[in-house]
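Okay, structure first, notes after.
Chain lettering (A, B, C and D) follows the sequence in which the chains are written, and residue indices restart at 1 in each chain.
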Amino acid sequence: MIENLELLIDVCLLTFLLLIVFAAIKTTNLFVATMLFGIFSFVTALLFLDLDAVDVAFTEAAVGAGFTTVLMLSALRLTGAFENVKHRHSVLGLFIVVLTGAALIYGVADFPNMGDANAPVHLHIAPEYIQLTQEKIDIPNVVTAVLASFRGYDTFGETVVIFSAGAAVLLLLGMGHAEPKHEPEQNLVLWVVVKPFIALILIFGLYVQFHGDFGAGGGFQAGVIFASGFILYSLVFGESYARQVVPASILPRFAALGVIIYGLTGLVSLLSDKTFLDYNALSSNPVSGQHLGILLVEAGVGLAVFSTVLLIFYSFSGVNHNE
Amino acid sequence: MNELLGHVNYWIVIFLMMMGLYMVIASSNLIKKLIGISVFQASVFILYITFGKITEGSPPIITDNTDVYSNPLPHVLILTAIVVGVATTSVGLALIVRIQEAYGSLDEDDIHDINDNDDFDIKSRSIT
Amino acid sequence: MSIELLYILILTIPLLTALGVLLCHQNPNARESLTLLGGIFLFFVVAKLALSYDFEQTVTLTLLEPFPGLSLALRLEPLGLIFTLVAGFLWPVTSLYAIGYMRAHHEKNQTRFYIAFAISIFATMAIALSANLLTLFLAYEMLTLFTLPLVTHAGTDAARRAGWTYLGILMTTSIGFLLLAIIWTWSLTGTLEFTPGGILAGKAELATLGGLLLLFVFGTGKAALMPFHRWLPAAMVAPTPVSALLHAVAVVKAGVFTIMKVSVYIFGIDLIGSLDSAYWLSLLAGFTIVSASIIAMSKDNLKARLAYSTISQLSYIILAAMLGVATGVFAGSLHIAMHAFAKITLFFCAGAILVSAHKTCVSELNGIGRAMPFTMLAFLLASLSIVGLPPLGGSWSKWLLLQATMDAHSTVLLIVLLFSSLLNLFYLVEIPIRGFFATPADLNYNNGIKEAPKFSLIAILITTAGCLVLFFLVNPAWNLVEQILR
Amino acid sequence: MTHLPVLIVVAPLLAAALIVLLNNRKVAWLITLLTSLFCFYASVSMLEILQEVDVISYTLGGWKAPFGIELRIDALSALMLLILTGSALLVSIYALKSVEKEIPDKNQVLFYTALLMVLAGLIGISITGDAFNVFVFLEISSLSTYALISLGRDRRALHASYQYLMMGTIGATFILIGIGFMYVMTGTLNIQDLSQRLPAVADTNAIRAAFAFITIGAGIKAAMLPLHQWLPNAYTYSPSVVSTFLAATATKVAVYVMIRFELSLFGIEFSFLQIPFDKILVILGTIGILGGSIYAVYQNNVKRMLAYSSIAQIGYILLAIGLASQAGFTAALLHIFNHALIKGTLFMALGIVFFRFASAELSIMAGIGKTMPLTMAAFTIGGLSLIGIPGTAGFVSKWYLVTALLDASLWPLALLILVASVLTLIYVGRVIEVAYFRPTLKGESQLKVPKTMLIALWIFALSNIYFGLNSDISMGVSTLAVNQLIGVAS
């Protein structure tokens, strides 16, 4: 019965998503659209959870529902929240969409049924990953093992993507600067509640960073969570204070450092004539080498993500209109 | 029946993708386009995760309780893809902020009109 | 000196001359003596090559191999030698003429003029010496490009428009048709070498080969076969030495030379004889001959009249090549040389009249013979050579051509040729007749008009003498053309 | 030197990060130059290695394929590397002064970072042996490209960048969908492994859909007509260094992706026999050639003119691939190489014009043949090569393309190609006419053109002539690559 229950939840969530997107298309209030998108991400995270993808769910919640929404709101602050009320009825657009949809429907017709344990995806490579993780890497979270070791090169690329997004935003908007006069209202209750809360967030971030081997989590999620602690600080206590704690000018270098940590960890193996990112070279014991390698690259990822996310936030919130 | 149940997920996801894509093409507001493309991408992510699922499987974190784990590879891929998605979104938003500054509008049609004017200016300045 | 060295020298002398001209652009005297010197030296090298070359043992010099199996290579054969000799002889003569003309006419940008001129000669020589179609095509395109600044030399709007017409027609035809024909030949035979007897026979059906021939002939826009002739009158905006050497000798002869080479060494004369399209092309050439002559009669502008005369004369050669008989090949080859001398003389004279009397129209020339007797006499002789009267060089090629049409059993073309000779007589000989016998409208007409500058006059005398000498010296030339089909 | 395959990607990535860390403009330029020099060296070395072995395989993380990610360099990859790193080297020499002039001081360091990341991304795509990895590196290069384009001085650069971001993301997502479909049917992402497992499931909707999505995705990135809308604006308004580098490389890498997936992965059997993809390519290519060339004729901004010309040139390449013959593939690869040389030259020359006049409108180029003789001479060489005049690189590829068409008995298309060359003649001729035969404008800028820019330009220009007269290298690599692709023993 469990399978049908899972499927039921699944279909419900998906239907919910459809409604959200439909509402987002219809609304002319961009603020509403943005909030709907936040909800969309959150429901997607739930869906991922239902589909056993805990790491992905975690990331989607932190990145999609959290960070992206904050970013969109920051952008709306600068651009205004209403769109011109007019709906283009693009016949060509509709045609393209229907064509794409038809191609997709046509394509999935041959897909194995959902959840079929005998589908090709579950027979090739994936079983080996689960087995090899236990034998050679010896950490419980297979996703982390695949991410940081088997496909560590992809993850290196992913870190670079984040870094390049930071560079791109910086090129476009500059680092900005906080407006010193503008300070949020001094709300004692808020202050008192938030202060310990931020501490908790930071501790949780560290936990996620270092617990990624065992449960859901890792550098990405940790970086975002850690940054969101500072973002919260900045929202509540004023950005100029936040910038005193973590100066904006240091962030690009931190992000670069994150990438370099990852890259150098990979390059170390070259010295002992192993290939790039072969963590076995890091220690005389291959398994502990793997552990060390994963730790190091996750640290690099965490640092890069944290700095970039915070940097992007600064860039958006500190933009000076008159420039 | 089995076939239907086994594919209903895919069909809904595809419909979601189509809605996202429609939002990209049919909206004239740049922010809505961006939301559309994020929806489109997110739907693709759901597609990936869906085919990584094994019925009665559990998350791919090794425990002693079970032997059936859902496929970890799509999870890894989508982790990467989500990050790529958010990176794209932030660059897109940064561009939008600059476009608002430069054009005073986020409406694609307005922007096209302004661009055409710019073109005309250049032509009227030129000598030939 | 080895033959290879001579090849290299023939190509490098014009280039070195161009370089030298560039280096001494401050000093007109040095610049012009250098051009002249380069020309004379080039002619000696060409003459040396002519004397020491043995057609039994041709020498090929491969310069480069841009892609496998296709090379840029040089090889002299009789047809090429004729062209080389003509162009090599006429370059220094034209230089001589140009010095007088350009100075008297106070042209600007003379350095650019001499450089482009020298490089054009380089391209012409490369065409003449080319061992295969690729080399020929490369040189052909270079010739178009480097003559362009000469056409647009004046820099006026009219000159620019003429430049577009020039470039447009020559490039369109060459890239659109000629290149396609060349690549097609390559694709059919796997070689582009000029081979005695041709390379295409039996490689494809006759209809295909007929189409290929059409591509080749229409692709060679420089041969000015109608309807691709418009560029030649347009190019007449150029200074007269350019019109004289390039648009009466080098460029247009490069065109008909290409057609001759293709019909003799790519198709083979027998194959041409069996192609229907060759017959149609010869009729088109006949049409061009007659209609260009008629247009020439209607032109009052002297250079335009000469340009249409050139179009007509070029089609003689195309016609000769398309007949598919040996006599035709001989006639065409001889005509390349004979027409070159006559036509360059005519252009020289036109330029001399422009410089000395500032006249450009035929109707203004009444009585000019009294002030410029030498020029007009030269004009008369050259005209008669083109008409084909003895004792002038042109009579040989005209006579052979008539014989070729008879060999090919084509009465129509025979009549066309005879009729066109009559037309030639009308529109060319009219001019000296006006010059010597008509009364000028204005009695003070001849005041202040002298003969052309002496450099130019000497040049005119040399080429006129050439027309006469060629009549008597036809034996060596004949021996040469006979080698073509050996 | 067994690690060259990975170093050629990692070096520019780490250099990009290092630049940010050091945060100094001059140092940033120097690092960029040295990095591209190293990459160029690495690609030449690997090309040499490939004379001995068929393919260089490098497994990352010590996990053998298909479990780990594999870098796989065959002759086709090596050809792309040569184009990418060669262009990058020349562009970095050129960038010193151009960037100083066109990019605000505060952005220069990050400019070089982004440039290096574009390079690394494109290199990564060209050498990876893993389908998903293609997507990751595609996004690395794309994100940085969007930023670089937006740095143009005109506000339209921003909108151009946004348009590209939208279309580019749709393209990348389409590729992602295609990869997903293949993964579902085979359970693997390694290209080698995929190509072995695909035949068993080739006759399924899923694989056909995967093929379509990947092709359209790569087609958007390659600006294949009618998916080209992003390109003209992106090239027109981006800074000179960026337009030069992109024009020489970016669309070609997208074509590479197409070739890699369709020939190596799906295989000729599937692509051209089971589905009539060759015919589609011939049609799209032909439309691209004609459409691009005709549009180009009507442009008054020379950069935009060349942008449309690029669309036409992509058409040539696609048409050549669509012939589905050995000659056709060779022509395509050769044109990828030669067109990089051509467009590199032309855009660099325009960049110098832009350097002096801050505009690339045709009207401001009046008479600059006299005032900027070296720049315009190089432009003319590039233009002649674009037209396909013998003695230039453009001629060689056009020759092979027409030969391939004639071999396939498509002589009307051969004629059409040559007609398109005439269109090229018209638009290149317009520029040359204005530059050489119009009077110079008054108020002529007195700015001196820096030597570094001219040197880079002339190396590009002369390479057009070198590879036009001696095609041993370009032909050799292309032939080798084609033989490997279609499985003929060389």
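Brief remarks on what is shown
Everything below uses one rule, namely that a contact is a pair of C-beta atoms (placed from the backbone, for glycine too) under 8 Å apart; a residue touches a chain by one contact, two chains touch by 3 or more.
On a predicted model such as this, the values are computed, not experimentally measured, just so you know.
Among the pairs C-D and A-B, the greater number of C-beta contacts is found at A-B. For the pair subunit C and subunit D, the distance between mean C-alpha positions equals 44 Å. Put simply, the C-alpha centre of subunit A and that of subunit C have 75 angstrom between them. The distance from the centre of subunit A to the centre of subunit B, with each centre set as the mean of the Cα atoms, comes to 14 Å.
Computed from the mean C-alpha positions, the centre of subunit B lies at a distance of 67 Å from the centre of subunit C.
Under the contact definition stated at the top, the residues of subunit A that touch 2 or more other chains are 104, 108-109, 111-112, 119, 121-122, 125-126, 129, 151, 154, 157-158, 161, 164-165, 168, 172. Shown for subunit D are the residues in touch with two or more other chains, namely 132, 136, 139, 143, 146-147, 150, 177, 183-184. For subunit C, residues touching at least two other chains: there are none.
The touch graph of these protein chains has some other shape, matching none of line, ring, star or complete. Contact between chains, as defined at the top, is found for A-B, A-D, B-D, C-D. Residues 384, 387-391, 396, 399-400, 402-403, 406-407, 411, 414-415, 418-419, 421-422, 425-426, 429, 433, 436-437, 468-471, 475 of subunit D are the ones that touch subunit C when the two sit in their complex. Interface residues of subunit A, counted against subunit D in their complex, comprise 103-104, 106-112, 119-126, 128-129, 132, 149-154, 156-158, 160-161, 163-165, 167-168, 170-172, 174, 252-253, 255-257, 259-260, 263-264, 266-267, 269-270, 273-280. Of all the residues in subunit D, the ones that touch subunit A in their complex are 2-3, 6, 10, 13-14, 16-21, 23, 58-63, 66-69, 106-107, 110-111, 113-114, 117, 120, 124, 130, 132-133, 136-137, 139-140, 143-144, 146-147, 150-151, 177, 181, 183-188, 197, 201, 204-210, 212-213.
Here subunit A touches subunit B in the complex through residues 2-3, 6-7, 10-11, 14-15, 17-18, 21-22, 24-25, 30, 33-34, 37, 40-41, 44, 47-48, 51-56, 59-60, 63-64, 67-68, 71-72, 74-76, 78-80, 83-84, 86-90, 92-94, 96-98, 100-101, 104-105, 108-109, 111-117, 119, 121-122, 125-126, 129-130, 133-134, 140-143, 146-147, 151, 154-155, 157-158, 161-162, 164-165, 168-169, 172-173, 214-216, 220, 312, 315-316, 319, 321, 323, going by the rule given at the top.
Here subunit B touches subunit D in the complex through residues 21, 24, 30, 33, 37, 40-41, 44, 47-48, 51, 73-74, 77, 80-81, 84, 87-88, 91-92, 95-96, 98-99, 102-103, 111, 115, 118, 122-123, 126-128, going by the rule given at the top.
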